[in-house]
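The data blocks that follow each hold one structure.
Shared between the two complexes below is chain A, which pairs with chain B and chain C, respectively.
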Partner chain A sequence: MENINSIRKNYRSFSTAAWLGWKIESNWTDPFLFAIYSIVKPLSSAGILVIMYSIIAQSDFTSPIFAYLYLGNAFYQYVGAVMSGLAWAIIDDREHYRTLKYIYVSPISVPYYLLGRGVARFITTTFAVVVTIAFGVIFLKIPLDFGEANWGLFILTLLIGIVMLATLGMMLAGIAMNIARHSDMIGDAVAGALFLFSGAIFPLSILPASIRWLGYVVPVSYWLELMRRSMIGSVAEAFPTFSSLTNTHLLLILVGLTLVFGIASAVIFGKLDHRARERGLIDQATNY
Partner chain B sequence: MMLPPVTKKATGWKLFWLTAFGRAYPRLVGQQREKSWLFFDVFFPMISVASYVFVYRAIQAPEDYIGFVVVGGAMTAFWMNVLWSMSSQLYWEKQTGNLALYIVSPAPMSAILMGMSLGGLAATTIRAVSVILLGSLIFQVSYTVVSFWMLLAIFLVCMVALYGMGMMTSSLFLLFNREAWHIANLAQEPIFLVSGFYFPVKSLNFWVAVGASIIPLTLGLDAMRQLVFSTGASLGFLNVRLELYILIGLAVVFLTAARYLLAYIEKLAVREGRLTEGRR
Partner chain C sequence: MKDEFSVYTEKLGRVYKIRDAKKGDAKQLTALEDVNLVIKPGELFGLLGPNGAGKTTLIKILTTLLSPTNGLAVVAGHDVSKEPEQVRTCINMVSGGESSGYGLLTVRENLWMFAQFYGISTKEANDRIKKLLEIVGLSDRANMRSADLSTGLRQKMNIVRGFLTDPEILFLDEPTLGLDVGASRDVRNFVRSWMDDNPTRTLLLTTHYMAEAEELCDRVAIINKGRVLACDTPEHLKKDFQKEAIFSIDVECDHLVDLERFTAIAGLNKVLAVPVNGTTSVEVFLEAEDVLAGVITELTEQNARIASLQKRQPTLEDVFVQLVGKRMEEVEKVENDDASASN
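Now for the complex of A and B:
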């Protein structure tokens, strides 16, 4: 009975936070402008890469490297949105709306509440990812055959990836709760660093050997590789970085790293949450 | 304890420049005391620079393109400063309650904006130079400076026009509420794209490049690349001298518009009671 009550409480915390997050993300303007806003940013980001590539490769969009960087950039949007989104929820609620203390004293589960806040960003990012990929397929002729795509692998990888990003986000949320300065930047800083080291828009083999190993220890690299392979298997396998690993190998590594980060996240968030309560940081307003 | 009465009051130009200095001070001095800001202000552009450099390396682009990215990446610091610390600054001041104090004081608003510009420009120059030095060192960029004085002139005029644009748009942000953050956020990647921060703007459609030239960094960056890279001139959008003249024109237009728009919007904001509202 206690377990069922706990599950109900977690679900209620999660769903209410998801609804709240959606309202915060979207109701600052009318739906049309919000849709434009959600499309323009990701398309511009992809546009920079498209122009850079087209100048050098004389618009040969059929090359495997183009599909590699375009899809990597499209899927990477989830990393910034989900991971930073969770950390941002702490800053938003504590500094901006000044409601974090009320959330803590209400009968909800704070970790599930934070996970729920990440849902809105996941939804808007999914919209942006779909639009970016559709643009690539329609206008840039990316060789993506929806009939050939491995949808089972795609959905499985996406789900594991979201869990993995959420666990990273929880860690950042714990850190954001405990620091007075730059809490608004840690999400972007980690997402930026991962963008570089995960080989999102270039094969890892391009990175200097001294820092390449970083790409092999972050789960995002494996996740992006699997996402690309599920869409265009042959193209992604053409690069040497992970070509010796099968999809099963990659999946096992991704699951293993997600478990490691998941356990670390639960422990770290628990400790940081306790520290924040102990030091009176839950209702801190730094105005930084 | 009562403060002693003010016996010497500054008025006119003296008040203007004292106000400008007072507003520039936190950016000139205060900002340098927080060393971690310098780290983040250099770290973020460097991440983008490194990522785009590796993309160019992956597709075997000529070496000058690496330099284009380093210079473009450094210039993003100015755009981010104008966007977040000029245009949207009055919105933040409203949120923190400072805006009402500015308005009720005898200090002219234009002097406050001027101070923000000068302080922001000086602080950002340190960051941009750091990005160029680091980027050039790490990625071994070589420069061929055609004319140092022309380069300096282009940079200075570009900055006057850019910060003039920031002063002009800051008045518009005075009217924004929750959308301010999103609008500033929206003006990042699309501007990086159309202004050619990471590639020569000439690669875009001619009319797109003409439209993007309303943003001073588009022509400023194009001219600077023409003046410091051996292949720059062949990849330039317009003649450097013509770009300088256009930038001078933009500077005059933006500074004049800033003066009139600020007075108009301030009146409008007072009339509509928007100076002290804090809708979240």
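Now for the complex of A and C:
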């Protein structure tokens, strides 16, 4: 009976937070402007990368490295959105809406609430990823054949990736709760650092050996590689760094690291949550 | 034993460490010290004290938002430190003087969402929302985005959020702070009727408005500098001070009344002076009425013309003055000045 109550509590925390997240994500402007924004934002971000690449590589869009960085950049949108989205929910609720204390006082599961808040970010980002990839296929000749894509691997990798990013997000949410100032920058700072160390737009082998190891312990690196392989498997074989590993190897490493980070995230969030209560930070509003 | 009470605290304390304290400044601040409280089911209990007295800190501990530094706090039979999840199923809270809520959501959506967190079905939630919005006069704004509400109306929505879940124990932290006179009266009336509707409900209210505590509360704890100084029914607290004769004297004079000279009058326990609209209101607390003659003589000697003289019944303000030695606004002014100086 206790288990059923716990499941019910977790479900209502998650589903209500997902509803709230969607309302916040989609209601800030009228639907037409929201649709325009949803298309223009990811294309602008990809456009910067494409222009930089075209200058450096003399517009050689047929090189496998272009597909590597374009798809890496497209899928990396999930990293910033889902991971920093959870941390942002803490900051938004505490500092902007001043509701975090009421959420904490209510009989919900805070981790499930935060995960629920991330759902809307996932949905809007999925749209952005689709727009970015479609643009790449249509206008930049990214060698993506939907008939040959490994959809099973894609869906499996995407699901594991969402769980993995959510665990990283939970850690950031715990940190955000304990920081008075600059907490809004945590998500962006970590997402920015991971962009560099996860092989999103260039292979890890390019990094200096002294910092390359960071890329190998971050699950995002393996996740991005699998996402790319599931879409353009034959082309992806030419990508360096993980070329010696099969998809199964990569999946096992990704699952293993997700488990490790998942356990670490649960422990760290629990401790940081406890620390925030001890220091009276749940309802602080810094107006910073 | 402690499980029988809605709220039970024993030697409860909370100390805040002050980070970045300058050399020579205090390294910690004691917000609560040795607080022992027992609140029974069905009580409307008031915590009365100036700003910075520790009222909000106590509420935060009892609602599991803040860990105590020492001592025990039990709410609805559960230790707030060891069983916070069980505590949360029995409580709700509302803080006054703030504009919380999701501005993008309508009033109804805000309330519905919190009802979901408490596992209330949509139908039940909608029924309760309709009823409560009617009571506080917000029915016509139910479908308005809460960002478009005035601060006062948003606070009313917040109050509805607290009552919506029909908690076993409700914590109201300065619920009428920032509300106009009419809205404050509506809230007080609603609080009283909510308690009268169900004798098992318990409500802990903090306020720094004496009249509010006197009007609403079954029992009141007077708190200052983190310590509970007295705890009883308003009638009993005041009765203790009926041993004194209290006179309020409005005087007109072209200089400040020298209160030091009153200390020589035998039988005068305390004297306070507050400037009011060009006159000075002098309040004297006397062991017996016949001491008044000495007071009048002293005022005459100071060339102060008596405009009016009135004997009055003690109020909770008098109880506070007796316990703390100052009026509540004086205590708040000192606290504010100290805070400004430290900034």
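Following the convention adopted for this analysis, the second predicted complex is superposed on the first by the 285 of 288 C-alpha atoms of A that agree within 3 Å, B and C clash if a C-alpha of one lies under 4 Å from a C-alpha of the other, contacts with A are read in each partner's own complex, and residues count from 1 in each chain.
The working rule: a contact is a pair of C-beta atoms (placed from the backbone, for glycine too) under 8 Å apart; a residue touches a chain by one contact, two chains touch by 3 or more.
Quick caveat: nothing in here was measured; it's all calculated off a predicted structure.
Asker: For A:58, select first, second, both or neither according to whether it touches chain B, chain C, the two together, or no partner.
Answerer: Neither partner.
Asker: On the A-aligned overlay, A:185 touches which partner chain: chain B = first, chain C = second, or both, or neither?
Answerer: In the superposition, A:185 touches chain B alone.
Asker: Looking at the overlay, what does A:97 touch: chain B (first), chain C (second), both, or neither?
Answerer: Both partners, chain B and chain C.
Asker: Check whether A:206 is in contact with chain B, with chain C, with both or with neither, and answer first, second, both or neither.
Answerer: Only chain B is touched by A:206; chain C is not.
Asker: After superposition on the shared chain, which partner residues are touched by A:3: those of chain B (first), chain C (second), both, or neither?
Answerer: In the superposed model, A:3 contacts neither chain B nor chain C.
Asker: Chain B or chain C: which reaches more residues on chain A?
Answerer: With both complexes superposed on chain A, more residues of chain A are touched by B.
Asker: Mind working out whether A:48 is in touch with chain B, chain C, both or neither, as first, second, both or neither?
Answerer: first
Asker: Is A:28 contacted by the first partner chain B, the second partner chain C, both or neither?
Answerer: Touch status of A:28: both partners.
Asker: In the superposed arrangement, which partner chain does A:248 touch: chain B (first), chain C (second), both, or neither?
Answerer: In the superposed model, A:248 contacts neither chain B nor chain C.
Asker: In the superposed view, which residues of chain A touch chain B and also chain C?
Answerer: In the superposed arrangement, which is not itself an observed complex, chain A uses residues 28, 97 for both chain B and chain C.
Asker: Residues of chain A touching chain C in their complex?
Answerer: 8-9, 12-13, 15-16, 19-20, 23-24, 27-28, 97-99, 101-108, 274, 277-278, 280, 282-283
Asker: What part of chain B is in contact with chain A in the complex they form?
Answerer: Per the touch definition, chain B meets chain A at residues 34, 36, 40, 43-44, 47-48, 50-52, 54-61, 65, 96, 178-179, 182, 185-186, 188-190, 192-193, 197-200, 203-204, 280.
Asker: State the interface residues of chain A toward chain B in the complex, per the touch definition above.
Answerer: Chain A reaches chain B through residues 28-29, 37, 40-42, 44-45, 47-49, 51-57, 65, 69, 96-97, 181-182, 185, 188-189, 192-193, 195-196, 200-203, 206-207, 287.
Asker: Once bound in the complex, which stretches of chain C touch chain A?
Answerer: Residue positions touching the partner: 16, 57, 60, 63-67, 85, 88-89, 91-93, 95, 98-105, 109, 113-114, 116-119, 161, 165.
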